[in-house]
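For reference, chains read A, B, C, D, E, F, G, H, I, J, K and L in written order, and residue numbers begin at 1 within each chain.
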Amino acid sequence: MSDNIYKITEVVGTSETGIEDAIRGAIERTARTVNDIGWFEVTDTRGHVVDGKIAHFQVTLRIGFHVHD
Amino acid sequence: MSDNIYKITEVVGTSETGIEDAIRGAIERTARTVNDIGWFEVTDTRGHVVDGKIAHFQVTLRIGFHVHD
Amino acid sequence: MSDNIYKITEVVGTSETGIEDAIRGAIERTARTVNDIGWFEVTDTRGHVVDGKIAHFQVTLRIGFHVHD
Amino acid sequence: MSDNIYKITEVVGTSETGIEDAIRGAIERTARTVNDIGWFEVTDTRGHVVDGKIAHFQVTLRIGFHVHD
Amino acid sequence: MSDNIYKITEVVGTSETGIEDAIRGAIERTARTVNDIGWFEVTDTRGHVVDGKIAHFQVTLRIGFHVHD
Amino acid sequence: MSDNIYKITEVVGTSETGIEDAIRGAIERTARTVNDIGWFEVTDTRGHVVDGKIAHFQVTLRIGFHVHD
Amino acid sequence: MSDNIYKITEVVGTSETGIEDAIRGAIERTARTVNDIGWFEVTDTRGHVVDGKIAHFQVTLRIGFHVHD
Amino acid sequence: MSDNIYKITEVVGTSETGIEDAIRGAIERTARTVNDIGWFEVTDTRGHVVDGKIAHFQVTLRIGFHVHD
Amino acid sequence: MSDNIYKITEVVGTSETGIEDAIRGAIERTARTVNDIGWFEVTDTRGHVVDGKIAHFQVTLRIGFHVHD
Amino acid sequence: MSDNIYKITEVVGTSETGIEDAIRGAIERTARTVNDIGWFEVTDTRGHVVDGKIAHFQVTLRIGFHVHD
Amino acid sequence: MSDNIYKITEVVGTSETGIEDAIRGAIERTARTVNDIGWFEVTDTRGHVVDGKIAHFQVTLRIGFHVHD
Amino acid sequence: MSDNIYKITEVVGTSETGIEDAIRGAIERTARTVNDIGWFEVTDTRGHVVDGKIAHFQVTLRIGFHVHD
């Protein structure tokens, strides 16, 4: 009934295997310390290359979560 | 020989499984009612999180299609 | 010990199968002629649609590489 | 259980009285012809000035709605 | 006396001859099916090249029109 | 019959009470020295906070006016 | 006399009644746990729509505060 | 030999005939009152439409000029 | 049958006569050394002014071309 | 006690020696004719190169100043 | 061997002497409470002006650091 | 007398000592292989941090140079 407040935290997930794994990893690790995550938004997709192959995908996320009183 | 005109429609596809499935779903459903889609562009990649896991990927697309006379 | 210089080249990778394959293809082909690629950044994700299905994903990358003296 | 699709339509609401009235007017008129609006986003806030006073606020919205099968 | 509502549609005009012809063509074709167009805004100017010559200019427009009750 | 020229001036209005008051104040003060203002566009909405309360809203406007010969 | 450092936190305020109420609510709740807030900037204005009416305004703010040693 | 300072003024040129005429008109009128214009940059290309035809092109320019001591 | 790779090169064309001539000149000169240009995109339109008149239009293009194995 | 109004002027400072000197020069020259400058924001950092060396840094600033009644 | 996660915090450093000092101050103070900072990115360069002179440079940084399990 | 063409190359300069040194290094090394550089534009300012101190500034430049026939 009262109005809600959300905070946004910015996280970079990395994965050797792909973009979605980098996103999932970032969400799941953030969920260990932050309750009540509601959404995410991808703001940057980058990667690290070694010897001409992709070593890691690096995906920057803004993650929104509910702040309880 | 005459000049062509295209329209752009904006659609959000969602998928429980991943980004490309969200894109494919959006294209295929749009193709049920719009003929002659030519291209798409991803403008936003977001997701809905429930209990610390990604419930849906939400991908916003601009979809271009040929307008016939 | 001396300061390094990197160049950035812009490439569009395409793939019938998905976004990551388009990225990997672009990196691997660029690595045939450019040594010492260090990173990439995705700047655009588009696709070509034929008969209501995605024919190709088209992913634009900025690719950074070390310039040796 | 199946994945959902949303469309986004872009509308400019105007009001002599203020920004929120322009937004409400745009949502309510759009709702006459579009079912199941879910969200809006303000992308531009402008106004028309006559004789040194604001004649109309003009607020551009992207309005998202659920597409049913 | 009541507040007005406008919709924005996005169109790509093409022309073999130039940018303004692409714009004019897009406006004139849109006007066949949409009454009361009020303004346009150019958001992208591209072109298709064949054999080292410009085959078509492709100009993306946002076109605003009055929605009557 | 001849083509018109407009200039754009950029102004920040402030108000203790709200966004629209900051806009109105900026337009009305600009109108003391500039004739024939035609439109404005909001480009930034900020505020100053003192003791955990909003002391002022600060709204940046681009204001367009007709230049007469 | 020494140079100051500020941090920026990102918050989404919501309100059933309007944009300024969403901003005020976000500032006031943030001020419960953060001392010495100095300014805010609005980066996004969205809303949730239910049954063709605005259920909540959702305003994203960047909030700057002084970090004391 | 001393360092130079330039100012930037923002102007909207309009033309019934085309984009370049709108630009030329804006530059030439600005040059009546401002000496030593050095460059311009187009930031927006819009138009006004009446009865399904382009009535005016409206081109927004940033115009830079040398400030003399 | 295999996936294609395109490179993007960035070029500024200039012309005393107009925007389209600057674009055409940039495409035609680039085509002397680059085979298989497919498209261009205008990213900036500027000009040089001398004695209150436009001396040159300067148009920045991103030009995409097919990379053959 | 009454609400304040600020104007923003846009200036390009240049310096043979560096970015901060270009900024300082622009502020100090603007302060000769404008009272009560309150802040600046850097929007562009460019430079002119002659014979493979930087001849001038060119820094574009938005400069805000208080408008007194 | 496992995938890494980084967080991004946003900080404004200030300095009476210059841009790099503002950056260094922000990094060094953040390093008092955050281990394992890996990178920073400048997103805004502003300053405060008093009596026609720069009183402080204000540089906004996004600072990335490694999150350990 | 004929119209000129310029190319833009993108380079990242790095320096342990500061932003301007990173820019100068990038320009001077580029000038070893590219004649007739005319200008640069800074598009990104980042840095690498080790043990809580800035190890390198990394400045991304777009560098424009004249293409001779």
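In this section, a contact is a pair of C-beta atoms (placed from the backbone, for glycine too) under 8 Å apart; a residue touches a chain by one contact, two chains touch by 3 or more.
The structure presented is a predicted model; accordingly, all values stated were derived computationally and were not measured.
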> What is the set of chains touching both subunit E and subunit K?
Replying inline: none
>> Spelling it out: a chain qualifies if it touches subunit G and also touches subunit L; which chains qualify?
In response: K
>> What's the distance between the Cα centroids of subunit C and subunit E, rounded to whole Å?
In response: 32
>> Taking the mean of the CA coordinates per chain, how far is subunit H from subunit I in Å?
In response: 23
> Which residue numbers or ranges of subunit E touch two or more of the other chains?
Replying inline: 9-10, 19
> Pairs of chains that touch, anyone?
Replying inline: A-B, A-C, A-G, A-K, B-C, B-D, B-E, C-I, C-L, D-E, D-F, D-G, E-H, E-I, F-G, F-H, F-J, G-K, H-I, H-J, I-L, J-K, J-L, K-L
>> Which residues of subunit D touch subunit E once you look at their complex with the stated criterion?
In response: 9-16, 21-22, 25-26, 29-30, 56, 60
>> Can you tell me which positions in subunit K touch subunit L when the two form their complex?
In response: 19-20, 23-24, 27-28, 31, 37-42, 63
> Which subunit C residues qualify as touching subunit L in the complex?
Replying inline: 3-10, 62, 64, 67
>> List the residues on subunit F that touch subunit G in their complex, please.
In response: 18-19, 44-49, 52-54, 57
